[in-house]
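Structures given as structure tokens follow.
Consider the two complexes below, in which subunit A is the common component and subunit B and subunit C are the respective partners.
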Partner chain A sequence: MNAVLDVQNLYLGVSQKRHYSPILNGVNLEIQRSQIHGLVGESGAGKSMLAKAILGILPSSTTIDKGYIHFKGNDLVGMPRYERRQLASRHIAMIPQDPMTSLNPVRRVGNQLGDVLRLHMKLNRTLAQERVLELLNDVQIRDPKRVVHQYPFELSGGMRQRVLIAMAFSCKPELIIADEPTTALDVTVQRQILQLIKQLQSETGTSVLFISHDLGVIAKICDHVSILHTGNVVEMQSAVNLFQNPRHEYTQNLLEITSHYYRFENTD
Partner chain B sequence: MSEPTRSGRVHLSSLVRTWLGGIVIGLLILIAIFAPWIAPHDPLKQDLFSGLMAPFWLDNHDPAYLLGTDSLGRDVLSRLIYGTQIALVVAFIAASLAALLGTVLGLLAGYYGGWLDTVVSRLVEIWMAFPPVLLSIVLVAVIGTGLHSVVIAIVIIDWTRFCRVVRAETLVQREQEYISSAVSIGFERWTILWREILPNVLPLLVTLLTLEMGIAVIVEAILSFVGLSVSSDQATWGGLIQEGRQYVHSAWWVMSLPMICIIIAVLAFNALGDGLRTILDPVMRK
Partner chain C sequence: MSFPFLLRRLVLVIPTLIGVSIIVFVLLRVVPGDPIMMMIPPGATEDDIDHLRQLYGLDKPILEQYLVWFSEVLKGDFGTSISLRQDVVELILSRLPATIELAVAAMFISVILGTSLALIGTFWSNQWPETIVDGFTGLNQAIPDFLWGLIFILAFGVLWPLLPVSGRIDPRINLDLVSQFYIVESLIRGEFSVFLTLIKHMIMPAIALALPLTAVIARSLKASLRETMTQDYIRMAQVKGFGPWRILIVEALRNAMIPTVALSGVQFNFLLGGTVLIERIFSYPGIGNMSIGAVIDRDLPLIQGLIITFAILFIVTNLVIDMSYRTLNPRVRNE
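What follows is the complex of A and B.
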């Protein structure tokens, strides 16, 4: 089997004041090596919760009730924090939804990137600084020498997302979880960021779980697609098949609405 | 504050305030250090024939006593100068220790939550139910007078100011995306607390610390006023007020001058704290 990540029968819910609401009801998801796997779903379908469960950053009110998240043969569910740090933290990275709040506002960009390299790649301070410049260069940031000394608020949204992409790819992870990485950006920047992720992914061979509600974006960059609907994966297909031959009713509706939407836009 | 058109003005005035506060505090520190050389008289030397002399701008003054004398003929200026020593030592040491205690507890309670947070929060609530001045008087009465007792009393009373604010700010920071990000990267909790959260709490902390120094000056004055601070053979601002109070109708300056000293010191600490907050915030700094 060539799966990097294998989520099986995952149940997850939020409890607030004795009231329990289920979010995921037996999700199955398999991500193959070196592929971009799309995860599509409407707002509230549980996309981000699934991402957080894989990353181990679920809010304290949320619990995993059943199921497995297998990463390289280890079940991440219920794994103690220190063990998780050893086995998974370095190899599963994330590109967050909101680049505005995902960097520490009072620390310089270079230091934040450097910390990650020193933690996982065991680089010393000088080597880390050099590597940071290379990484920023790889994500096509102009004048990296200036940017490392800047604070996040001095950078544009697109620049920050590039920094976060650099951070995600910095320790050569096996899986990157990109949780709607372009929703907070405007359309022109969106396109550049998508190209960048695609390019870095094909260069490094990292697998990517690409979460989005935008079928247009998914069609552009994904190899496989899973459709998440009311806490369940209702369909998983290769991207080509999914768009030509959707099997599940929900997917068919989704595609139809999207095509109407685009037709409407084009005639306008 | 975030409006770009106004940021320039905010920046300038806060810079001016920082400098003003800093310069005044600096002068007070110099006065405290060089008191023996600056003071024109021995602050304890009595001259019973020249009691209650007026300061230089009033009639009935003696050029030897620039700011007049108290009822025992001791030089007010020299006593004010020596009083600076006690005021500043208490301000710096007591405020720093209160900040240290409150910050550590606030960070831990805010970040780890759970039973630790419950214990610390309840403790703060109980603490704040006591009237602070009465509590300090009782404390000093129990542990005895002296410089260390004053410091201990202030720390024991005022750590809650830091704890409350630091805990609240830690709670806010803990929920930020960059903390989740740091957790997913695999930094240890201790590292996250120290390297990600503390720097975000720091500007607030510095402001509180300087404000607390001002408060410590006042608390020390109160304790001196009721005779529970350092021994009475040392000149303190609060002690001067207490002695002057009895003669306020015939010699108002003996009581008023130390009050002015306290006001200047507290204002300077506040101005400095407010300015530093702006300077330490990278967003406001630009």
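What follows is the complex of A and C.
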């Protein structure tokens, strides 16, 4: 089997004031090794919830009612918290949606990166510092020697997202979850960040779960795409096939709306 | 820490102190109570009284009195205590270290205890430890420091006599310390038995002083820790696999401390003001205790000196708090 992550029949819901509402109703999602797997769906479809379930950071009001998340021969759902942390934090990383709030505002960028390396790669302080400079260089940050001593508020949004991408790739994870990693950035920076993720992914062979509602972005970088609709994956295809031959009605509508939008944008 | 910031603050100290001195000077001469009447022996004549008045310069107009006092203060002379007939500066300097040791101990206790309670309440939030922390802070916000002082004396001095209830040190102990900072000096010299009795004397007044501030710190810090724990960078640290205590202390605490430190300046001033009653209750020989005596005796020069001393303590405390605020918060650090 070549899947890095295998989500099977996942049911998940949220309880608020004794009122239970389901969010995911039997989701299946298989992410193959060294691929970028897109996850598309309307706002509120539950994409972020699925990502959080995989990462183990669901809000306390949320429960997983049924199903499995298979990773490296273990079911993450049933695992004790400590063991899960040991396994998942080393091999599953995250690129967050909002780079402005995802770095600790009172800690220097270099220390935040270095701590992760020291935790997982067992590097000592000096080696970690050297490695941090290399990592920042890999994400095309100019003048890494200066940036390591800076605080997040001294960096632009694009720079911060580069730092977070460096952090995500730093421990050579098997899977990176990127939940709308460019929505908080302006358009020109978005393109650079996408390219960077794509490039690092192909260099390292890491798998990426790429969440977005922008089909244009998905088309550009994904190998496979899953469509999430009303708490279910209604369609899974290779990116090429999906755009040429969408099977589910919802996908067809989605593509149609998007193509209108693009036609409109292009003639403008 | 940028030097201009300190400099700016230090320059502001001078007008503040002048303002304080004017207000005190005028107030003391407007309120009823005549220092001369407090000191004359029975059967003194009008002439004696006038003589004394002249001696202490109290027959002159307020403005002139102030200017004379102020020009002497500039030379470092705060005059002579009317009731104790000693130099005011000497009197205050002999008692100030006791108050500084007490206040610093109380501040230390409240910061350590308040922070620990906030961390415990956050780590086990919605569980019984948080309930206990909330109960403790609620209780301590309702009970003032002097009441704690009385409760402690009753509990550990009378009902269950564990600790000495008055003074700073056992009078039978032969002290050969050179400074008035007994605790610091005994520690430096390694005289641990002396150190221990000092601590025994200080522990009750220090805790009584510390408890209200502990409650304020615990409450405000817990609220901002709770808010901080919902931030994205905390989620990020969880994904990275850091342990829950490390996340709480390394990632959350420093951020959460910023608003608490900003708010605690006033609270530290309350603690300093609390030394007046607490030192009285425990007969602790500091400037707080001395202040009450000075007020009762209408000892104008001593009161003036004491109030200026308290003003300087307030200013120093707030300066330290502002500096730690700037150290914690990189955004304002280099402004």
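Basically, the second predicted complex is superposed on the first by the 268 of 268 C-alpha atoms of A that agree within 3 Å, B and C clash if a C-alpha of one lies under 4 Å from a C-alpha of the other, contacts with A are read in each partner's own complex, and residues count from 1 in each chain.
What we mean here is this: contacts are C-beta pairs under 8 Å (C-beta built on N, C-alpha and C of every residue); 3 or more make two chains touch, one makes a residue touch a chain.
Owing to the predicted nature of the structure, the values given are computational and were not obtained by experimental measurement.
K.L.:
A:R90 contacts which: subunit B (first), subunit C (second), both, neither?
P.N.:
both
K.L.:
Looking at the overlay, what does A:I57 touch: subunit B (first), subunit C (second), both, or neither?
P.N.:
After superposition on chain A, A:I57 lies in contact with both partners, subunit B and subunit C.
K.L.:
If you stack the two complexes on chain A, which partner ends up touching A:L185: first (subunit B), second (subunit C), both, or neither?
P.N.:
Neither subunit B nor subunit C is touched by A:L185.
K.L.:
Residues of subunit A that sit at the subunit B interface in one complex and at the subunit C interface in the other, please.
P.N.:
55-57, 85, 88-90, 92-94, 96, 98, 101-107, 115-116, 119-120, 151, 153, 167
K.L.:
Where on subunit C does subunit A make contact in their complex?
P.N.:
231-233, 235-242, 250-251, 254-255, 258, 328-331
K.L.:
Within the complex, which stretch of subunit B touches subunit A?
P.N.:
Its residues touching subunit A are 113, 176-178, 180-189, 195-196, 199-200, 202, 281-283, 286.
K.L.:
Once bound in the complex, which stretches of subunit A touch subunit C?
P.N.:
55-57, 85-86, 88-90, 92-94, 96, 98, 101-107, 115-116, 119-120, 151, 153, 164, 167
K.L.:
Hey, which residues of subunit A end up touching subunit B in the complex?
P.N.:
Touch list, subunit A to subunit B: 52, 55-57, 60, 81, 84-85, 88-90, 92-94, 96, 98, 101-107, 115-116, 119-120, 151, 153-154, 167.
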